[in-house]
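In what follows, a single structure is set out as structure tokens and then discussed.
All chains are identified by letter, namely A, B, C and D, in their written order; residue positions are counted from 1 within each chain.
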Amino acid sequence: MRKLIGILLIGGFAFYLITVGMGLFSAESRSELDSVGSEILATSPDLSGAANTVTAVVVQYRGFDTLGEVTVLFASALGVSMLAMAIRDGLLQDLFDDDGGFVLQAGSLALLPFIVLVGIYIVLHGHLSPGGGFPGGVIIATAVFVVILTSKTLSIPRGLINVLETLAGLGFLAIGFVGLYSPAQSFLANILPKGEFGSLLSAGFIPVIYAIVAIKVASELINIISKLTAAGSASREAAE
Amino acid sequence: MVILGNILIFIGSLFLALGGLGLIRMPDVYNRLQAGTKATTLGAMSVILGSAFLAPEMLTKAVLLIVFIAMANPVSSSTIGRSAYKGGVPLASRSVRDDWAKEEATE
Amino acid sequence: MTPIIIVSLVLIGLSALLTVIRLLAGPTPFDRLMASDTLTVIATAFLVLFSVISGGTDLYIDVAIVYAVIGFIGVVTIARFLKGGK
Amino acid sequence: MRNWKGTFALLFLLAASWLLIVSSVALVELIAGAVAIVVIVLLTHRSRDLFGGLRLSLKALLFTPIYLMVFLWQLIRSNLDIARRVLTPSLPINPGIVKVQTQLQSPLGKLILANSITLTPGTLTLDIEGSSLYVHWVDVKGTDADAATQSIVAGFERTLMEVVE
């Protein structure tokens, strides 16, 4: 098993080096490469309908890469949860002898709904202002994180979170395949109407994809955290 | 409106600077927390409100940010103070009283 | 930019400088944590002010809101872990 | 029904926050916000319980702005106080930790009280256990616990009692 992983990693790295090398030598002139940025800036409003060009690039121009990133995040979540099992004895033990104090407990509970609301705002307005699925999802997950840190009894609906995570991943793929069989005939083609520039319902499927990304990021992070804390409390009980 | 905004920004940044000075001058972590929290909370609130007066289209978001700072800043200060105390940081030598230590000694 | 705004910017810079000195000087980890907490609030205020200076777009205030939220969560989390690792 | 009250209060506060942050009343934004708020309120039952500590009456509504005024005034006072201490070359401080009592029952009330104490002149709440607060005080006056309670807690408590349980 370990050997297989090693071979896969080395193979992947070699593939990466070869691709980068070929890219370096095959590019005929630098100016051609440099023109990509200005071209994107010029065509982005018409093509994607998103006011935030960075978001348009992340979700539309390189939507495929974003899908890959979500997959990488899933793999790392898996890795960390395996790590959590390994550190069951020790590392997180001290943390659970203490509940964080009343002010932090009540304070994090009071602020939690509002922080999640800000996260949702950031996700939904990702195509209009700085932000998007990744930072929004992280905000939501970290707010839950603080509440988990301050309570010994909080039960995380693991099943629900796993289902959400899976559905988000499948949803991303489904939207991609809808694009593939649409008239545009390309994976992740932006086939939804562009809407009025600058309003919430604009930029076609970009807000939808960002919502999916946010759900995936948030549920994966919450999953990691709850597994880590479960490992911590297991080690505490073992010590007692 | 513009004049009021400028005044608020100036007062706010003055309090921020005083808070920074307090961070340098105070003798221990608890007193520094006192100076830091109060000065930066009011200072930031004042600067944000003043900026909102200069650019009225962001007034609503500014109000929300002010409320958030007013709720979150004391919580984080209390948490730092509590964990410093539980982590064994002593009070400054010129402190006159410690009810909490007395409490834990008698338990 | 009015002279008052320039003076205010200098004062905010001074405040950030003093805070960074405390951040570097310590002496306890809690002092550094408190300094970074203070720095978060100063940065939030500066972002909002910068939003006005740069022509009144409300893009930076979104950044400021996210910054305030993440700063709060980060500081609180580190405070919890510092307690554990005493 | 305590929980029902908390749900209502949280719904109202979240709706107000959403309107403030999107600063628009476009129909799409309102619908998106409504969906988001309902989902949040459904999932955060412990926060709902916490906000159940709010009193929902005309009197409470009347006392909220009064409380905010008191709070703001104390915040300004505390800044002037800190400024005076920091700018005096001899650094006139007399710090210590005192234990004070509160009569507030609900967690929300204690939280708001702790936050208010942290932002008032010379005091910083370190921890709350039951009905006693451990407060770091820059300028400890006397050794009597009742006197300390009187000067730190009582000012807020009277107004706050009208707003929360």
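Rule of thumb we're sticking to: contacts are C-beta pairs under 8 Å (C-beta built on N, C-alpha and C of every residue); 3 or more make two chains touch, one makes a residue touch a chain.
Note that the coordinates shown come from a computational prediction; the quantities given were computed from them, not determined experimentally.
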Of B-C and A-C, whichever chain pair has more C-beta contact pairs: B-C
CA centroid of subunit B to CA centroid of subunit C, Å: 11
Subunit A and subunit C, separation of their C-alpha mean positions in angstrom: 26
Separation of subunit A from subunit B, taking each centre as the mean of its C-alpha atoms, in whole Å: 33
Subunit C-subunit D separation of Cα centroids, rounded to whole Å: 23
Per-residue multi-chain contacts in subunit C, two or more chains: 58, 62, 65, 69, 72, 76, 79-80, 83, 86
Junction residues of subunit D - those touching two or more other chains: 17, 21, 114-115, 125, 127
Multi-partner residues of subunit B (each touching 2 or more other chains): 19, 21, 33, 41, 43, 57-58, 61, 64, 68, 71-73, 75, 77-79, 82, 86
Each pair of chains that touches, named by its two labels: A-B, A-C, A-D, B-C, B-D
Complex contacts: residues of subunit C adjacent to subunit A: 58-59, 62-63, 65-66, 69-70, 72-74, 76-77, 79-81, 83-86
Footprint of subunit D on subunit B - complex, ascending: 15, 18-19, 21-22, 25-28, 30-31, 33-35, 37-39, 41-43, 57-61, 63-64, 70-71, 73-75, 77-78, 81-82, 85, 91-92, 94-101, 103
Residues of subunit D that touch subunit A when the two form their complex: 10, 13-14, 17-18, 21-22, 26, 28-29, 32, 36-37, 40-41, 44, 46-47, 50-51, 107-108, 110-111, 114-115, 125, 127-129
Complex interface listing, subunit A residues touching subunit D: 101-103, 106-107, 109-110, 112-114, 116-118, 120-121, 124-125, 147, 154, 199-201
Partner subunit C, residues of subunit B touching it in the complex: 6-7, 9-10, 12-14, 16-17, 19-21, 23-24, 29, 32-33, 36, 40-41, 43-44, 47-48, 51-52, 54-55, 57-58, 61-62, 64-65, 68-69, 72-73, 75-77, 79-80, 82-84, 86-89
